[in-house]
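Listed after this line are the structures, all set down as C-alpha cells.
After this come two complexes, each holding chain A, first together with chain B and then together with chain C.
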Partner chain A sequence: MTSESTVVNQSNTGTVEDHLERAAIDRSTRLPVVFFLTSGVAWLAVSILLGVIASIKQHSPGFLDWDWLGFLNFGRVQPAFINAFVYGWCFQVGIAVAIWIMARLSRVELKNPVTLIVAGHLWNLGVSLGVLGILAGQGYSLEFLEFPKFVWPLLFVAYSAISIWMVVMFQVRKRSDAYVAQWYIVAACFWFPWIYLTANMMIHVLPVPGVMKSAAGAWYKSSLIYLFFVPIGLASSYFMIPKIVGRSIYSYGLSMVAFWTIAGVGAWTGLQKFLGGPLPPLLTAISGSAAILMLIPVVAIGINHFMTVRGHHGLIQYSPTLRFTFFGAIGFSVTCLVGAFNAIFGSTTSFTIAEDGFNMISLYFFFSMMMFGAIYFILPRIVGCEWLSRRMIQLHFWPSAYGAIGLGLWLVVGGIWQGISLEAWDSSTISAAGTSGSFLVGKSFIWTTFILFSNVVFVLHFLMMLFRLGRRTHEPTLLGHPQVHHAGQQLADGGAGA
Partner chain B sequence: MNKFRVFLVGLALTFGLPWFFLLIVPTLQMSRLAPLPVYELDENGQKVIGEDGKGNIVSYYPPLSSGSKTKGEEIYVREGCAQCHSQLIRDPRVAMDSYKREWGSVFDSMAPLQTRPTNQRDYLAGHYPVLGIRRLGGDLSNVAYRYGSREQMHLMIYDSRIAQPSSIMPPYRFLYKTRKIEGNGPSVRALALTGDLAPEPGYEVIPTGDAEALVDYLMALKKNYTDPSKPVVADAEAK
Partner chain C sequence: MSDPSTPTLRNIDYSESMNVGRVHESVKREKDIREPGNEPVSLGVYLLLTPLLLLAGGFFGLYHDGGQAPKAPDFDASLIPAGGGGEVDPVAEGKKLFGSVGCAACHQPAGQGQAGIYPPLVDSEWVKGSDKRMAMIIHGGLVGPITVKGNLYNNNMPAQGPLLTPKKMAYIMSFIRHTWGGGASLVTPEQTQLVYDEFKDRTAPWTVDELEKTVPEGEMLPKVGGYGGDDEQAAPDSAGAAAPADAQ
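Up next, the complex of A and B:
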C-alpha cells in the first residue's frame, strides 16, 4: 500500500471476464449483504418512529401520557431511539456496505457466508434485547452505551466475528496493493472492537472511579463517530466517487494525509465534554484541541473529492449514488466543523442540545446519506433489478437533505442559545429550558415531516426492490437524462454488470 | 515484515497512544482515590477518626451511598434522569455553574451562597456514572438544598407541572400507587394532590418503595461537606 497504483482506479469499461467476475462476486455476497441491509432498514424504520416519540416527548411530556405508557417517558425512549438508530441502522448498513466493497475491491468471491449470517443474527438479538431492556427499565446512564449490562458481550462477539472475516477477505485479495477504501474498512474493523471492549470493561467490569466511567463514555461516543462511522462512510465515498465519475482518486498523497490524521487524532477526542469539570484539565484541553485538528482531514478529503469529480459535477444531477455521496461528503465537513466549534465554545455548548446536533449531523447528514448513496448503487447489483422510480429517489433525497441540514443547524443554534441562557447566573433553569424548548419544537417538526416522510419513501422503495418489483432492465435509474458532453464516459450508476 | 503488518502496527500505535494516555493513565492515577475518614475532636481537643466502638469508621468524605440510597440511584439511572440532568458543577473559571442560585440554595438557609465545583472524590459516593448527558433540567449536585421537604420532592416527581406549570419534566406517576383509604384515615405519606390530579374521594396516592428510594437518594445530594482537596482552608475555618 505504498505505491501510486494503490489509488482506486476501477475502470467501468472492461472485458467480458471482468463483468462476469464482478457478477460472480455480487452473487456470492448476496445473502449477507441483503441480510444486513434488510435488518438495518427495519431498524431504521423502528428508530425513526421511536425518534418521533422521543422528539415530541422532549418538549411535550403530555404526549402519549397514560399511566401504563410510563416506559415511553423521555428518559427511556430517547436512549431506546438513539441506540436503535446507532446499533440497529448505522452499524448494520455500514457492515453491509463494508462487506460488499471489501469483496469487490479484493476481487474475491465470498465463500462461506454462514459466519456472517450467524454473527448478524447475534447482533440483531443483542440490539433487540438492548432496546427492549432500555424500555423495560434496565438502561444505563451514558450516551450510546445505554444498553443493559448483559448486551455488550453479544455485540462484541458478533462484531469481532465480522471483522475477522473482513480482514481474512482483505488478506486473500487478488492484488497485492490495497485501495484507499480498504484501508478505511480494515482500520474500522481493527479499532471498533478495541474501543468497545475498553469502554465496556471500564464501565461494567473493572472497579473504575465514577468520573473515569463518565470519561470513558464521552470518549467512546466520540471515538465511535471519528473512528468507526467516519472510516466506513469515507470508504464508501472513496469507492463510489471514482467508480461513478470513471477516473481514479485525484491525489494519493492527500488520501494518505487524511487517513493518518484521522487515525492519529480521532481517539484523542471526546473528553472536551467535561471542560472545567472534575477531570484533569490537561485531558479536556487535549481532547478539545484534537477535535479542532479534525479540520485537517476535512481540507485534504475535500480537495481530493472535489478534484476527482472536477469537470463532471453535472453527474450529481443524474446519478442518485453520486448525489447522496456528494451530500454525505459535505456532511463530513460539517461534522468536523461542528465538532471543532463545540470544542472551541465548549463551556457554552457542553451539555446542551448542540451536542445532539453534532450527533445528528454525524449520524444522518454524513453517515446515513453516504450509506443511502451506497445502497442505491449496491442493491440493484445484488437483487438483479433496477430501482423502480426516479420520483421516489428524489422524494427521498430532497426531504432528507433539507431535514439533515435543518436538524443539525437548528440544534446547534438552539444549543448555543440554551448554553448562553444557562450561563446567565441570575436567570432560572426553567427559562433556559424554555429557550431550548422552542428549538425542540422545531426539531420535532423536522423529524415528523422531512425525516419521517423521506424515510417512509425509502423503506417502501427498498421493500419493492427486495421483492424484485424493480424495473427489469440494464439501464440504471437516473435522475434525468445525461447531456451529450458526458457521453465520452459511461455512467456507471446501476446496470448489473458495472 | 510485510506491508500489512506495518499497516496494523501503524493503526495500533496511532490508536494506542491516546488510549493509553487519555484513559489508562488517568484511571490508574484516580484508582488511588479513596473516601477519607471524617475526623472528630475527642475530649482532649485532639483530632481522632470517628469510630463506632467496633473499629468501623463512622463517616466518610464523601458520605457513602448505601441501602435505599443505592436503590434510588439505580432508579435514577434506569429512568434515564441523566438524559436531562447533570450532577456536575464546573470550575468558575470556565462556567458560571456555581453561581446559579437555583442550583444551590432555595429553601435551605444552611446552603452556601456559592456552590463549590465538584471534584473527583465527590463521585466516589455513588455506584454509577451520573455526570449527565445534557442539561434540559437543572443540575442536581445540590438538589437537596432546593426542597424544603420530601413531600415537595415527591410532588415534583409525581408531576412537575404542579409546582412549575411550564416544566417539561415527564411525570413519573407510575412510581406511585392509588389505593383506598383504610380505616384509620389517610396515610401520612399520601401526596397532597389538588385539582385535576386529586384522586377520587375515599382514595389516596402514596409513593411506592421505588419512589421513596429515589427521594432518599435525591435528598442526600448536597455537597455540604468540605472539599477534601482543600484541607488547610477547611481546618482554618473550623477554628
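Up next, the complex of A and C:
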C-alpha cells in the first residue's frame, strides 16, 4: 500500500484539487468548530478549577470555608464539577471534532451553519444554568443528571439540532459508502438523544417509583459513556490514526465486530452498580455481563489500531496528535477493563471511590486525551497558524498522561481497599470511610500537580492559537526533530502527518 | 468575525494578512485516508474472544438467581387457627407488612434472598425451627456468618425491633413461617411481646454463637395469646376453622 517512491507528497497526499477542497471544507467549518472548541475549553478551565476544589474539600472541608462561599461545599461543588466537565467540556469538544470529521469525510462544505451556532448558545445556556443551579443548591441527586429539572429540555433540543446537522452532512456525502468514523458519529447522533430522553422521562416527567429512579440514573450514566463518549472518541481515533500514519485501517471486519458489539451491548450496562441491592437480580446480572462483553471491542479495536500503526510506532514520538490519540486508545482499553472489573467485583467496589476512578478513566484518560489529539490536528487548519511551542505540548502531554494513569489506578485501588473495609461486618462504617482518607489526599495531590498544571498549559496554548499567536510557518509543530535520513520515508511521513 | 456565508467575503480568510500559500500548507502535507483494509478477522481473534464470552456467561449464571423469583404457595385457609371469625388474618397482614416495612428489599418478595448476599427464607432451617430465635434475630438484628441451607452468608441485618411493634412482628413471622416454613406454627403478638420485654435493654445485634448459647436448639416461645379471640395456639388441623376473610 505505501508507495516506495521517495516523492512522498505526490503519491500520498492527493492532488492540488484535493488540497483546495480540504482547505475549503476547513474554512466552511471554522465558525462552528471554533465556537464549540472555545466554549468547550472555557468549560474545561472552569471544571478543572471546580474539580480541584471538590477534590480538596473531600478530605479538608475547611479549605475555602468562608460564610459567603458556602455554595462551594463538597456536596455542591463535586456535582458542579462533574457536570461542567461532562456537558461543558466533553460534549462540546466532542461536537466540534465530530462536525469537522464529518464534514471532511463526507466531503461537503458546511453551508450557513447558523443553526449550529444557535444550538451551541442554547447548549451553553443550559450548562451555565445547570452548573449555577447546582451551586445554588437546586441540583438533582443522580450522577451525571444533577442539573436542575428545567435544564434537560434545553440540552435535548440543542443536541437534537446539532445532530440533525451532522446527519444532513452524512446524507449529502459525496461517496456512497461510509467510513468507520462516520458510523460512530451518526450512531452517537441518535444514541445520545435516545438515552437522554429516556432517562429524563423516567426521572422527571413520568417518574418511576423510588429504587427504579436510581436504576434509570445508573443506566443513563453508563450508557452515556458507552454510547456517546466511546463512539465519538473512537471516531476521532479511526480518523486520526490512519490520517497521520498514512495507511489504511488494518481490518474492516474487525471494525464491524467492534461497532456492532458496542451498538448491541452498550445500552445494557449500568445496573451492575446495584449488584446485591434491591433490584431484580436478573437486571443486575445482565448489566454485569454486558459490561464484561464490552471487552470484545477492546480486543477488536486494540488489534485494529495496533496493526494500523505497526511499523510506524516511531511517529508517536513526533506527532502530538498521534501521541495523544494513541494514549487515548489505551485509555479506551483501560476504561472497558475497569468497567468489567467493577462489574465482576461490584459487591466490593460499588459506592466506593473506585466509581470516581472509572469516571476519570473514561472521561479523561480515554475521551479527553482523544479530543486533545484531535484538537492538535484540527486547530492549525482552522486558524491558519501552527502550535506555538513544542515544549508546551509536552508539558501538556506528560502531566496529563501521568495524571490520568495515576488518578485512575489510585482511585480504583483505593476503592477496592474501601470496599473491603466496608464489607467487614465487625468494623464500623465510619472506620471504613476513613480508610479512603489517605487515597483522597493522594487524589488531590494528583489533581493539583498533574491535571491542573497540564490543563493550565493547554488552555494558554489554545488561547494563543485562537488569537493567532501561533507560528507563521509551513512546518508543523512536532515533538522532536525526526531524523529523515536515518529512518527514511516513514519519518518523513511523520513530519508530514502532524 | 467574518461570516463565511457571505459571498463577497467567501475567500477572505480569518485575517487579511493571511498568506494563502500557508493556509494550504497544512492540508498539502496531509495524507489521504484510504479504504479500510480487508484483512479477515482471524481465528485467533475469535479464540481470544471466547474466554470473554465464557466470563460474561459465567457472571450471568452466577448472579441471575434463576431469572424469576420462586412462587410462594397459595394461601391455604384450613391452616388458620381454630376459633375463626377473628379480627385479622395474620398471614395476609404479614404478607403486606413483609413488602412494606422493607424485608423484601433484601430477602426478595418471594423470600428467596440473593445468592451469596442475603440468605433465603424459603425452607430456611432458621424459619422452620425455633420461633424464639427467629423473633430475636428480627428484634435485635444479626451480624456475622450464618449458615442457611448449607450456604454461608456473612452480612449485616439491622435490628427491626425499634421499627416494628410486637403485633406487626407477629404478623410478619406468621406469614414467613406459614408460607415458607412448611406450615410452622403461627406467632402471636403476646409471644413477640415476651421477646420485646426480655431483650428491651439489648443494643448490640446478635451473632449466631450468642443465639445458640442463649436459646437451646428447638426452644419455642411459651404458648400465649391467640388469634380470633381463642387463647389456644391451635393446630392447623382444627376442624371447622373458618378463614377470617374480612382481613382482606
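We take it that the second predicted complex is superposed on the first by the 471 of 498 C-alpha atoms of A that agree within 3 Å, B and C clash if a C-alpha of one lies under 4 Å from a C-alpha of the other, contacts with A are read in each partner's own complex, and residues count from 1 in each chain.
Here is the rule we use: contacts are C-beta pairs under 8 Å (C-beta built on N, C-alpha and C of every residue); 3 or more make two chains touch, one makes a residue touch a chain.
Not measured: the values here are computed from a predicted model.
Colleague: Superposed on chain A, are chain B and chain C clashing or fitting side by side?
Modeller: Superposition result for chain B and chain C: clash.
Colleague: Classify the contacts of A:Leu125 with the two partner chains as first (chain B alone), second (chain C alone), both, or neither.
Modeller: Neither chain B nor chain C is touched by A:Leu125.
Colleague: Can A:Val168 be said to touch chain B (first), chain C (second), both, or neither?
Modeller: Touch status of A:Val168: no partner.
Colleague: Is A:Leu271 touching the first partner chain B, the second partner chain C, both, or neither of them?
Modeller: The answer is first: A:Leu271 touches chain B but not chain C.
Colleague: Could you look at A:Ser347 and tell me whether it touches chain B, chain C, both or neither (first, second, both, neither)?
Modeller: both
Colleague: Per the contact definition in the header, classify A:Ile286: touching chain B only (first), chain C only (second), both, or neither.
Modeller: both
Colleague: Based on the superposed arrangement, let me know which partner A:Arg381 touches: chain B (first), chain C (second), both, or neither?
Modeller: In the superposed model, A:Arg381 contacts chain C only, not chain B.
Colleague: Quick one: is A:Val441 in contact with chain B, with chain C, with both, or with neither? Answer first, second, both or neither.
Modeller: It touches nothing on chain B or chain C.
Colleague: Per the contact definition in the header, classify A:Asp426: touching chain B only (first), chain C only (second), both, or neither.
Modeller: In the superposed model, A:Asp426 contacts both chain B and chain C.
Colleague: So, A:Ala215: does it touch chain B (first), chain C (second), both, or neither?
Modeller: First partner only, chain B.
Colleague: Which parts of chain A are touched by chain B and by chain C alike?
Modeller: The overlap between the chain B and chain C interfaces on chain A comprises residues 1, 275-276, 278, 280, 286, 290, 347, 425-426.
Colleague: Given the complex with chain A, which residues does chain B contribute to the contact?
Modeller: 3-4, 7-8, 10-12, 14-15, 17-19, 22-23, 26-27, 29-31, 33, 76-84, 86, 88, 90-91, 93-96, 99-103, 117-120, 122-124, 126-138, 164, 166-174
Colleague: Considering the complex alone, what residue numbers of chain A touch chain C?
Modeller: Chain A residues touching chain C: 1, 9, 12-14, 18-20, 22-23, 26-28, 30-31, 105, 111-112, 114, 179-180, 239, 242-255, 257, 275-276, 278, 280-282, 284-286, 288-290, 292-293, 295-296, 299-300, 303, 307, 343-344, 347, 380-381, 383-384, 386, 425-426, 468, 472-474, 476, 493, 495-497.
Colleague: Per the contact definition, I'd like the list of chain A residues that touch chain B in the complex.
Modeller: Against chain B, the touching part of chain A is residues 1-2, 57-61, 65, 67-68, 70, 73-76, 78-79, 137-143, 146, 170-171, 178, 183, 186-187, 190-191, 194, 198, 202-203, 207-217, 219, 227, 260, 263-264, 266-268, 270-271, 274-280, 283, 286-287, 290, 347, 351-353, 355-356, 418, 422-426, 428-430, 432-434, 436-437.
Colleague: In their shared complex, at which residues does chain C touch chain A?
Modeller: Listed in rising order, the residues are 1, 3-5, 13-15, 18-19, 21-41, 45, 48-49, 52-53, 55-57, 59-60, 62-65, 67-69, 105-106, 114-118, 143-144, 154-156.
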